[in-house]
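The same chain A turns up in both complexes below, where it pairs with chain B and then with chain C.
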Partner chain A sequence: MEKIIEAVNVSYIYQTKYQKTKALSEVSCSFERGKVYAITGKSGSGKSTFLSLLAGLDVPTEGTLAVEGEDMRKMNRDAYRLNRASVIYQAFHLFPLLTVMENVMFPMELQHVPAKEAKARAQEYLAKVGLPETLYKKMPGMISGGEQQRVAIARAIAAGGEILLADEPTGNLDSQNEKVIVDLLCKLAHEDNYAVIVVTHNEAVAAAADVVYGMSDGVLSVVRGA
Partner chain B sequence: MAAIRNSLTRLACTPVKTALFFLLLSFTVALVCAGGNLWKLSGDNLRRFEEIFTTIGTVEQTPERMEQAAVWYADRKDYRYFSRAVYGETISSDVLDFAGAGYLSGPEQRAYYEALPLDYKLKEDEEGFSQYIIMEASPLVDCVPAGPVKMDVKRVLYSVYPVNFNPVNLCDHNNEHPQKLYADKTYLMAVADGWAHDFKEKGPQATFEYAPIEGPYSTQADADGNRLPTELTGNWIVEVTPGFYDTKEGQDWLNLCEEHLQRKIHLSLPVTATQNLNLIMAFYTKQAYVAQGETFSQEDYRQGNKVCLVSDRFAVRNGLKVGDSLHLALRYANYAASPGRGGAEGYLKADGGVYEVFEESDYTIKGIYEVGVGTDGDWGYVLDRNEVFIPAASIKNSNADNIALHGPMKGYTTSFQIPNGSESMENYRKLWEAQGVDHVEITFYDGGYSRLEGGLKNMRTMSAVLLTSGMVSAVCIVVFFCHLFITRQRRQTAIERGLGMTKRQCACSLLTGILVVALAGSIAGSLAGQFFAGRAVLQMATAETFDTRFSNGEVQFNMEKSEEEMADEGAHGNGIAKSVYLTQTHWQTSAVCGGLVFLFTMGMAFVGIHRNLREEPLALLSECEK
Partner chain C sequence: MKFFMRQIARNIVRHRKKSILHILIGVMTVLILDVYAGNMDSTEKQLADLPNVLEVTARISTLNGSQREGMTIREDRMMGVRESVYVKDPVFTVRLKFGFGAFTVEEYKENLNHYGMGMNAPEGVSGMKREEITWMDGVDAGILETAEKVCILDTALMEEKGYRLGDDVMLTVFYYRYAIEGSEVFIEPLITDTYRIVGSMQIGEYMGNWVPPEVILPLDYMRGAYHSQGIDFYADSGFFTVKDPFQLNALKAQMHDEVKFLSVITRAKPRTDGNALTIMDEAFIRSAETLSKNLALLRGMLPFLVAIVIFIGYLCSYLSLQSRREEYALLRSLGTGRRRSFFLLFGETALVEAAACLLGSLLAAVFLRPAVGVLALSGSMFFLAFLSGAAMAILALHRLSVMEMLTKKD
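Presenting the complex of A and B:
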């Protein structure tokens, strides 16, 4: 399998006026297309920080984080997030004032995709995540949590990237919806060749992953499958 | 584009919040604009009035007491009584020189000068004067002139009109105990006509009499205003004995004749020297104003340029125009009266001599003044029809030996100018009272400035309140709504960042909405503020009108009148009630006020956006989830 992201000795230090906190310590790992990765660990262990770095929202203090061999520091990280990597959140974070369809079309509008094409593609992605057509014109607040998360996943893949980063994607869902979302993520990895990286406390999610990393005090270790 | 659309959608989806922001911002901008406009207008008006108006004080020495005086009237065989002011020692105008007075001009106790009339025509014709004769005469029979007695005129030394009748009737009209006159003696006297014992019965057909009215006397004073001692007898009737004209008294009588010859039928050219024309009440009230040419410049006053202002009547009578030369030969000064009132000076010097010309120059006529509607009050304030004005400093020679009369300060002889405003007057009053000078009364004239200033100060206070409350509420509203529209959109910003929007796009997304509302609110508020300020100032201006006839700035305001106003004035008589305020609000002021609030809003928005974009999106969203 082809490595899409590779972290080599990645460290990250939060620096405030009064103190320095080492959130990540010499993390080395790699991620491939077509696999689901789970990163587990306690709160404050550094999981979300690592996910931020993977999303290009920040850069490592030390070490190298490369996307297909290109150092994250040197690349346009806004374009990276727009075109190649998308983030799915525990609380879905849809735009509450846009309809389901508009939410999914939003990243394509940023990419200047013509409205007609964007609409067609949005319908395709919403169908792919299994959302009924009757909900397309609803506002996010009017649909269930599981449905919102499916819209969030559709929005994530609408940008056309190959990396899906998920921060506790099932944290706000019941077990039935949890299973639906986990299956959907696995399907995207295994059938559509996405690299899916999930930060989670949930054992069921971890169990469904192809590779499981554990994070403790900023140190990453392999739990299973690497 | 998506960012902008998203931003505008957010606005549309929160209509109450958006409308509230728009309305409140419009309201505060309106307050700021109204306050700003009123503040500027009140400032402009104050400056305008400061330039137009002047505040002068007139000074009057008040009498120590009034006493009853009696004058004998021979035709009634009784006294007539009148009140007469008794002044103590003459108080010098130097008492007005005290620290902190803050004079802009003066104080001056003005002299008016008698100038030789030369060939100038001072009256339209030479008719209409009282006959005045200095003559030698003898009674036809021994008599006491307590009533009319016949006098044989032996010799006329001086007369206004030729004396072509003889004998004449004489009555020592105002003397209860006249001296006895003998038919074999000759007497010298200065007499005037105008009395008649039988006037009541016969009217114009009455037998008119001459009465002695003066003798050689002097009121000459020194530079400090002290009356010089004199040996002139002042006798009204004296016996002419052989060699009389070789005596001192005879010589004095001849000098009196000489004086009258120089003056030409009672007339001389009155010249008033001043350091500021505004100190002359007639000019101050604009009763008199320069109609042709121009008034004195500050340089004229300072340098003492040989320039003068003449009355239109004098100019017409003598064919003079602006730029022509006027020859002035000044003989003596009168510090006690004004030309309009006339002096009670003795015409001779203390030694009995005739006053010689002490200053003689050609003056260029700089302006010709007209005298409009008269004012009530003391005659001293009324200008003489021939009065000439010159800068005080243009008199280079000392007049110390040529002061014919000095007396207490009068409102029409003594005045000064201080800065405008009730505070200035109050301050002067306090300092003056602290001097502890009795029997001096100061009256201020400000042409209505205090009233206008009071109105404008109220307006300024009102505008300051509006401006301050507008600014405070603008700050509160902008901060509150920036919090709602920006700081509370941190989550939105974090999502947008997560989706790959650049910081610039996120800033645009946040800013567009607030920019649109703030711009609309600022424009609407500016227009409303300007409108309300205009209405307010117009209302105040309508309430505060006054008659331009008595305005300190009449000429100025006349120049500003529209054709309609002039026509209206023509139809309704002289002078109309007219507002003197500038009432035009300026769009620039509104633009500046609205622009400032808009810029402040944008500034606050930028600060909020900057803080939003500093947040780490994932950490923030995780925080939100928790």
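Presenting the complex of A and C:
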């Protein structure tokens, strides 16, 4: 399997006017296509910070984070998020004033995919995540948490990237919906060759992952499978 | 671009309550700016129009200011006034006595029994209106500005003597010579000549101190007559209108330095020398000062008003973006660059405020009826200042951490 992301001695410090907090300390690891990675750890251990760095929302204070050998500091991180990496959040973060369909179409519109094609692809991925067609024209506020999370996943994969980053994707879901989402993430890695990286507290999610990392006080360690 | 515009339009519609609120605030701001710009425009116009409303006139007098007629105004001073670029409608007169026909000095008692004036405009006869003169066909008051041998006769005198317009009349003219000091007046022979009667006059309400004239001759003809007899010419009264009251200082400097007029000194000895100039400019200066102060105040308010509109733009956008921070963060996390995110939000504001600007200007045009320039000024001032404030608020969003905004709830 080929490495898609590699972190070498990555540290991250949150700096305010009055204090500095080291959120990540010399994290080194790599991620490959076709695998599901779980990063577990207590709240405040630095998991979400690491995921945000992997998403290119910021750059490490120290160390190197490279995507297929290209240093993230030097690359166009907006284009990286637009075309290669998608993020799924625990709080879903759907556009509240767009319909389900429009939410899924949005990243494709940003990529200048023609409206017809974007709509067809959105329908395809909404069907893939098991969302009934009756919900397509509803606003996110009108559907359940599990359905919203599925819309968020559909949005992430419809954009056609190769890296899927998920921050507690099952945190707001019941066990039945949780299983659907976990199966979906595994399928994306194993069948569609995504590198799926999931930050989670959930043992079931961790159990389904191919590789499990543990994070404690900003230090990453291998728990299983690497 | 198509997506960009569609997205902006969609956002405006989706956030319609906020858009309507923004439009209302914008309309009110535009109306306030229209009132302000309208005030400034009206004050500027009043100031520019002031010389037409409040004419500034000037009158030549003796040094102590007691006498405005019957003076000796030197010819060089008179010509200095008439040729000045700062002077409009200068009027000079010279007093005369005359009799009909030709006669000698010894025969003056029987013949020299009429009063006359030389002048360059009908206004030289105090109280006489232009319509009180009946002109011969093809002639008007402009003939008094020439040196032609013509005259205007009193209607009653014409009837008494049996003259009609267009007739020629022989007149013997005597002139007044005033002693420089004291009140002695000498009447001495000047010229006997034949004049074409080009006008007749019937003075309704004569307001001069002297006996009203029964004949008027062109001033420059009289001047020539004095010269031809080797006599120094003096006008006996003179006044004018200031051409551009905003150039009063230049006029005063010229009248003082070049034409050698003095200011009135009330304690000066009584003399007949017409060497002082009084400019009636108090009302004009007072009004101009008041208007200038108002204008300066209004202009001084401009930076503050612009700052207030920028602040309103900033505040409106800031408050509206507070509830859209997550939307912004999401846009960024989906790969929308800072520039693109900025223009998405800025374009939305620009469209909404353009609508506010149009609506506000329309309402102002209906209710305030300002000039088009005023509408353009206040509209563009609003648009630029408001959008500057909005841009600052949007740019401030860039400082927020997308990472923190999206993981806050997690």
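Criterion: the second predicted complex is superposed on the first by the 226 of 226 C-alpha atoms of A that agree within 3 Å, B and C clash if a C-alpha of one lies under 4 Å from a C-alpha of the other, contacts with A are read in each partner's own complex, and residues count from 1 in each chain.
In this text, a contact is a pair of C-beta atoms (placed from the backbone, for glycine too) under 8 Å apart; a residue touches a chain by one contact, two chains touch by 3 or more.
On a predicted model such as this, the values are computed, not experimentally measured, just so you know.
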{"item": "Joint occupancy of chain A by chain B and chain C, clash or fit", "value": "clash"}
{"item": "Partner chain(s) touched by A:T99 [first = chain B, second = chain C, both, neither]", "value": "neither"}
{"item": "A:V87 touches, of chain B and chain C: first, second, both or neither?", "value": "both"}
{"item": "Selected from 129-137, 165-173 or 237-245: the stretch of chain C that, after superposition, runs into chain B", "value": "237-245"}
{"item": "Contacts on chain A seen with chain B and repeated with chain C across the two complexes", "value": "48, 52, 55, 57-58, 78-83, 87, 89-91, 93, 95, 97-98, 106-107, 109-110, 159, 167-168, 171"}
{"item": "Footprint of chain B on chain A - complex, ascending", "value": "48, 51-52, 55, 57-58, 78-83, 86-87, 89-91, 93, 95, 97-98, 106-107, 109-110, 155, 159, 167-168, 171-172"}
{"item": "Parts of chain B lying in touch with chain A, wherever the complex brings them together", "value": "1-3, 5-6, 9-10, 13-14, 491-492, 494-495, 497-503, 505, 616-619, 621-622, 624-625"}
{"item": "For the chain C and chain A complex, residues of the former touching the latter", "value": "3, 7, 11, 14-15, 326-327, 329-330, 332-338, 401-403, 406-407, 409-410"}
{"item": "Residues of chain A defined as touching chain C within the complex", "value": "48-49, 52, 55, 57-58, 78-83, 87, 89-91, 93, 95-98, 106-107, 109-110, 112, 159, 167-168, 171"}
